[in-house]
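Chain lettering (A, B and C) follows the sequence in which the chains are written, and residue indices restart at 1 in each chain.
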């Protein structure tokens, strides 16, 4: 059922939800962008709809709640190893259709890659529910339609989008119907808005021949890419982390083990004890990342990792477009196939 | 034609005395180095209609329109009005051009309007400063630059203002990728190090350039809401003792800088060499004469430096003393 | 897929039963361990406040202990060498990875080529082969950088009695009595009766593995009879952290042992 709400009405809904849930949503952080007097949209806890940034795509994805940038796993004392406490309250995460598809990718890695679940991910995942932010229009660099992620999968409690004179919400979770109905100024049957076309169109190759690894299409990136990893940190589907052990006191008695976000683009990712390193050049790292997103993940799990949110393209300081790279890849794969056909003839 | 021109008045009206007898050049003031396209077109029109069709871009971001017959000065002044209105430069009487030329055009690098490294809007602050000190015939040079790269060469000015930001660190957003550490080392002063997987900033060494913020991939580093500045003073070029401006204040605020500049005019009025040719003497020479403490007393009159501000109790300048030796060593 | 309620990140305590010193910087730590484990699998050695390091199993006494042969090259291993002795307790996680299936190699001819610390993961394989009835058909070539870098000297002497063992060093001071040369030098002269059915195990540094496999293929071994063990940065051992991924494979889950024909297109 769809409800129309005023700002005040929606705030009363959020206040009521706030009794059972923390609300985690994209927030415009004024002046916290990279440049002077520049803003950034990233996730934080909110208590009113005014705080939720609905007009822009978030620069950083919601995943920071499920896979924190820095997360303490254990505390060590002299004789003891204690698992770090966690927030116990339930959370509603406000996200878009592509992001909800990304949750499936995160779950895949943390809960279903290998025989054991990630205990810490499971602990937070179990207390997270989702609210869907409708997308009446495509943003810059979005290519969700190419990745078939423009329509949200199931798994959201209610949707939210702004209208000219208020907000409208579709309530999927029947237990919440009363809460919304009580504050609604109107009721109608509608679906959450979703886009059906993007300016950016990406063509994903069906399969990738081994020859692509040595292809010259990657070469340019060694000079262009600065290996900063922003593409992966802003990505809603990147999951890599690195363990970090520290101790606080001079005698080393007290310390912690934490995990921090890691990126296959950043130096140190493949370092092995004794100085070994794989993929030193940026072009190898880009090839590794791009093929993971549109090939390797699919080969393992049956569907593509990339959800087409375009955040990597939004954030790249060197104007390297992932979308353009995938299209180049598709062209290169076609060209290699054509060569093979002509060689056969 | 017989010309009887008050050259002193002409120069104060921002017209240059030309080698070519009977001609002058109009000096267009462009505080902060930004002029809108319409006013640029007006400059072109004046150059084509009254001048020789060329425009000289000055070292201090102004423009000079050469080849103007002296008798056309009143007409040119009328035509300058729209340019003056656009740039917001203070004026005494409309239609009469610029009221002074002693205090030079206030320079600004592109700053945060354009440059990724700029720590503040140099143009806006240059214009604010221009409003605060102009018109004035005292020979004062002020320049604003966005960061410690000092692309505006503020160290050659009486007042050189360098932007600073105080990096704010959120360890919860830090993944220990160490890019800030490396870029600070490569592009700045190497004030960052890693302790227990997180970053420690050497606050004494940090020059507030913001390179760490620029290169942080996670927004663990952000900029302080406050804009801070480094104020370098008494740099100059010249025949006697050219020298770079030296640091006097660090982490100082915008209002204090404006007030200090304004105060300095009163100090100059009090202590300038009454016999200085054309009433023009670099402030630095006056400070050399009165002693630094006297300058400080005047400059800080009524100024409340913020709690973050650090002040050098003494400032020492170097530079070559050509008035003492012209040897090449 | 099974889900465990236990937290797999929490290590268990294991006592050091014995330490065998091979070189100054390479020791074998015999750790109490009663669980199931295979050669080629690895443990995460977890030293709180220093971190974790993946170490492959170099020996197994079922139900009693596992051997971890460790080179002192990093923060974790450095602390282990400095502060842990016999009787100390070390935290471990694991075993992880697939390990070697020794039944694949026990019948018929088999070649094991191992270099440096690469000998550790195959030590259990060689030990098994040394006890087979047709041990004379088992050919083992092990190489070390120099005579000082040699590991498992006592084992080498025993193995020499049981099977066809070639020990070589890359370089040696003048007067050294023994083979000098890369392991690949000894592949062409192996006495193989039927290369097409011979199996092989190759473990060592990347270049050594590449050239050894080439040598074996030239001898007529088939790609699907060769197994290699890949070393990558196995940070979690659980298939979560991503560091050891190559293509669609996770070395910590799908490896570290791979059949050559199935892994030759794995490109970092």
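Assume a residue touches a chain if its C-beta (ideal position, glycine included) is under 8 Å from a C-beta of that chain, and two chains touch if they have at least 3 such contacts.
Being a predicted model, the structure only gives us computed values, none of them experimental.
Enquirer: Pick the chain whose C-alpha centre of mass, unweighted, sits closest to the average of all protein C-alpha coordinates shown.
Expert: A
Enquirer: Could you work out which chain's C-alpha centre is the most distant one from the centre of subunit C?
Expert: Centroid comparison gives B as the farthest chain from subunit C.
Enquirer: Check A-B against A-C and say which one is joined by more contacting C-beta pairs.
Expert: Of A-B and A-C, it is A-C that has more C-beta pairs in contact.
Enquirer: Could you give the separation in Å between the centres of subunit B and subunit C, each centre being the mean of its C-alpha atoms?
Expert: Each chain's C-alpha centroid was found; their separation is 68 Å.
Enquirer: Suppose each chain is reduced to the average of its Cα coordinates; what separation in Å results between subunit A and subunit B?
Expert: 45
Enquirer: Quick check: how many Å separate the C-alpha centres of subunit A and subunit C?
Expert: For subunit A versus subunit C, the centre distance works out to 38 Å.
Enquirer: What parts of subunit A, by residue number, touch at least two of the other chains?
Expert: In subunit A, 242, 244, 246-247, 262 touch at least two other chains.
Enquirer: Mind listing the subunit A positions that touch subunit B in their complex?
Expert: 29, 31-37, 40, 42, 60, 68-70, 228-230, 233, 242, 244, 246-248, 258, 260-263, 266, 268
Enquirer: Give the list of subunit A residues in touch with subunit C in this complex.
Expert: 73-74, 76, 81, 83, 109-122, 210, 213, 239-247, 252, 255, 257, 259, 262, 264, 269-276, 278-279, 284, 288, 291-292, 296-297, 299-300
Enquirer: For subunit C, which residues count as touching subunit A in their complex?
Expert: Residues 1-4, 6-11, 47-53, 71, 73-74, 76-77, 91, 231-233, 235-236, 238-243, 245, 247-250, 252-253, 265, 267-268 of subunit C touch subunit A in their complex.
Enquirer: Can you list the residues on subunit B that touch subunit A in the complex?
Expert: Residues in contact with subunit A: 112, 116, 118-121, 146, 163, 165, 171-179, 196-197, 210, 213-220, 222-223, 225, 227.
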